[in-house]
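Just passing along the structure, written as C-alpha cells.
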C-alpha cells in the first residue's frame, strides 16, 4: 500500500505533489482519528477531575506522553509539552537563560532558524551576555572546525539545529557535545527538521535539551515538546505561571510542582498532545529502514536532476552523507516566490523565501531560495512534476 | 431542536449530565467539522507560502481572526492568538510587566484563578514591585469598596477575573475601569469564564487587555486570545522570539513586526484558531437572549434546590444578579472529590477541588468545593441527576 | 466501579482511623500536600531507634485519603525504613490491580481503575516514606 | 488563475521597468522590506515643491514587485501626496478584484485571488507613500 494513501488530504488529490513538509507535514488518518475520538468520546479538562470523562481525558493525555517518551527513548518526566519548537526554545531561554549573567556566552550558528536566534538575542539584551555565532561552510553546514575558537570557559549554552531547514545538513552532535563538555556548557538541539524523518534515541545524543514541533511530524499544530535531561529540568525554575504547574499558592509564596508539570502552566493542548502521541505510535509501526532508503533515493535523484538545470544553484550538500531530504535551490535570478508560484501551477507545493533563516540567506547573498522537502509519502511523480515546473519557470524568468 | 444534539459527545450519551463546562466545555459538530476540513483539505503552514494549500490555510487562519474580531466587536489587529488564557496573561506579565519597576504596584483579587496570580507573583519577584490584593466579600464577590484604599498613584495594572470560576460572581468592570483611570493604571480582564455565556463587545468595556481560552467556549484546546487595545499592543515589546514575529533579523539587530504578528512567534495553532473562529461563527447564530434566560432559569432552580439540602453551603451569590451559572458548594464536611465521585455514578460530571483558586479556598476556610457549571446545552434533567447524586453523597458522607 | 469504591469497610476505616490527631512531643513531623486536590496530610512520629514507636496523623482530605491514613495508623507502628517501603510497595501493588500482601489493603482494590484517585490513597504513604528519610 | 499571473505585459513591465537604479543626489530615500518573503524596495525621490520631480527604484524582489515598481516608475513623477494616495488606492482596488482607474494596473488583476502575493505588489506603493510622509 502506498504510504500516501494513509493521508486523507493527499489521497483525495492525486495531482497534488506536496513537497512542503519542511513547513508543515501532512497528517495520517490514524492521527486525525485519535483527535476526533478525544473530542467526541473523552473530551474534558485533565488532571483536576474525577468524573469518567476527566479520567479518560487524563489517561489519554498522559498516555500520549508515555507514547512520545517511548518513541524517543526518554522518560515521561522528561517530556514537557509546549505549543511548538519556538515555545520550547523560549522556555529554555527564560528558565535556563535568565540565570545567566553578563560575561556568559551563548553559541548559535549562522544557519539557525529565527526561532533559534531571536530568543537568544532577546536573552542577550535582557541579561547582557554575549551571543556568538558559528559560521557556515560553503556546503551549507555548521563549521564545527570553528568550535575550538568560539567555545570558551564562558560558554554556558550551545544551541544548534540538528538538521538545517534550508540546506538539509545534519550536524555532528557528538562533536558539539564534546566541545560543550570541555567547556562545561549545556547543549540545546533544535530538532524540528530531524524528527519527521524517523525514530531517534534522544538521551543517547548526550545533549541537555531537545525541542521539536508536532506539525512537522504528522501531528496537529499547536503542540510540541521540550525534552530535557531530568536533572536539568529539576534544577530549572518555571517559565510561565498558572494552573497545574504549582504545588501550592498563597499570596506570599508559591511552590512549584516537579517536572514536567512545572513547565506546563494552564490547560494544555490536550487534543494536540493526543495527536502527537498517535503520530509517534503511527511512526513506530512504519518500516523506517525502508523509508529512509527511499527518502534518500528520492533526495539523490532530486539533487542529481537539479545539478543539470542550467543556472540552478543548490544551497546545501550535494552528496547524501549527513543530510536529509530538505533541498533548497536558487534558479538563476528568478525570485523564489515566482518559482513557487509556477510550481503551484504544476500541482507542486514548494516553499519559496528566506525560510526564517535571514542570516543564512545573507551569508549566501540570496534573498531566498525555493525549498522541496522529501517526506515518507514522497514519490517519483512528485519530483517529475517539480522538474517540469522548473522547466517552465526557467523559460519564464531566466 | 435541542442544543445538546449538536454536540456529538453529548448526543452519543443521553445519560451523561455534563456540568463541568467551567473546566472545558463540549464542542459542537460545526467546530469539529471546520477543524477536520482544515486537516483534510487545507493543511499547510501559514503566511510564508504561495502554493494553493498555503493560501487556503492562511485565508482560513486569518479568516478565523476576522470572525473572532467581529464576534467581540474588535479589530483584527487587536486579536493575538495564544495557547490559552494562561499564556495570554503571562504574555502581558512579560511584555507589559517587564517595563515596571520597584515601587510600582499591580492589583489583583483574592478570588483569582492561579493563572491570574502566579504570573504576577513571578513578575513581582523579577521586578521587585508590589502585589496588592482586593478582598472578597462573604457573598464571594470582589470587594470593589476596597478599590479606593488599594489603588494608588503607583498602581500600574489592575488584573481581575470578569467572572469567578468558583463563585460565578461577575465583577462590575465599569467601577474597576473608573478606579484605574483615576490612577492612570491599565486594566487586564481574565475573561475565561465570561466568554462561554454569550456575545460581548470587548472594546466597550474600556479595559486594556482581555484574555480568554477556546476550550471553555466550544472550541479546541491549545488556543486562546489576548485582546489588546491597539495603542497598547503597539507600544509593547514582544514576549517570545521566533519565526513570523520579526520584520528582519541580523545578528546585530532584529526588528519586530506590528501587532498582532509581533506576539505570535513560531508556527501558530492553525487548526485551533480555525476551530475558535468556527465557534464564534456558531455562537453568532444562536438565540442568546433565549439561552441566557434559560441558563439563568436553570441556575436559579439549582441555587434554590441546593439551599434546601441540609448542611450544604453555596460559595457565591445566592441571587441571580451579576452572576453566571458557575455554582460551587460544600456538602457538610464531605470532601469534594468524594462528592464528585458519587455524582459520577449518577452520570453527572462535576469538578471537585480548589479549582486553582487556593487563596479563595483559604479565605472561606475550605479545602475545596464541588462545582456545577450551567452551559447552553444544560437541561433540567442535568439538575435532577445532580440533586439525586447529592442525596446519595449526603447519605454516605454526611 | 464507582459503586464499589465506597464500601462499608472503607468508610468505617476512614471514620474510625486509629491514631488521629497530633503527637507531641515528636521526633519527626511531616506535612504533605496534593496540589491538584488540596488534600493535606500531617504525620507526627516518635522513633525508637530505627523503628516507629508511636505516630499520629491529621488529614484534610477525602475519604480515600482518610482511610489510607487509617492503614498507616493501624500498621506503621513498629516498622523500620524497609518495613515502610514494603508497605508502600504493597499499596502500589493494589493500585495497579494486583492482590496486596496486607489484607487490610483490599478495600482499596476498586481505586485501581480510578487513576485520578490514586494520589488520594498514596499521600499518607508518601508522608510516611518522607518521614523516614532522616532515619 | 496562476496561469494568468505572469502575462506577457506584466513580465515586460517587470523587465523593462522605467527608472531602475539609484538617484543621487535625492531629497528622500526610503527602503522597505517585506519580512515574510525578503522582498526589498529602495526608492529615491527628488521633489519639486509638493510634487515628485524625479525618482528611481531598486528592487530585490519577485516579478510582481518589480512590475509594481515599474508602475511607480511610469506614473509617480508629477504626483503630489494626494496623487500618490489615489494611485495607491487604485492598487487596493485592483487587488480586491475591482476594475482599476489606471489602465496600466490591469496586469495585476489576476493577483487579486492570490492573497499571499498582495504584499509583493503593495511594497513599492507603500514605499512611495512612506517617502511622501515628510512632505
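Here the chain labels run A, B, C and D in written order, and each chain numbers its own residues starting at 1.
As a convention for this text, contacts are C-beta pairs under 8 Å (C-beta built on N, C-alpha and C of every residue); 3 or more make two chains touch, one makes a residue touch a chain.
Just so we're clear, the structure is a prediction, and the values are computed from it rather than from any experiment.
Each chain's centre was taken as the mean of its CA atoms, and the one lying most distant from chain B is D.
Rounded to whole angstrom, the centroid-to-centroid distance between chain A and chain D, based on C-alpha atoms, equals 37 Å. One inter-chain figure worth recording: chain A and chain B are separated by 31 Å, centre to centre, where each centre is the mean of the chain's CA atoms.
Chain C and chain D have CA centres that are 76 Å apart. Across the assembly, chain C contributes 36-37, 114, 117 as residues in contact with two or more other chains. Counting partner chains per residue, chain A has residues 48-50, 54, 246, 248, 337, 341, 344, 352-353, 358 touching two or more of them. Inter-chain contacts occur between A-B, A-C, A-D, B-C, B-D. Per the touch definition, chain D reaches chain A in the complex via residues 2-3, 5-6, 11, 36-40, 60-65, 114, 117, 120.
Those residues of chain A lying in contact with chain D across their complex are 335-338, 341-342, 344-345, 352-354, 358, 361, 367-368, 396-397. Interface residues of chain B facing chain D in the complex, by the touch rule stated above, are 47-50, 54-55, 58-59, 246-248, 257. Residue ranges on chain D touching chain B, taken from their complex, read 33, 35-37, 114-117.
Contact residues on chain A toward chain B in their complex (touch as defined above): 8-9, 12, 16, 18, 20, 23-24, 26-27, 32, 35-36, 39-41, 43-45, 48-54, 83-87, 89-90, 93, 113-115, 117-122, 131, 133, 213, 215, 220-223, 238, 240-246, 248-251, 254, 265-272, 337, 340-341, 343-344, 348-353, 355-356, 358-359, 362.
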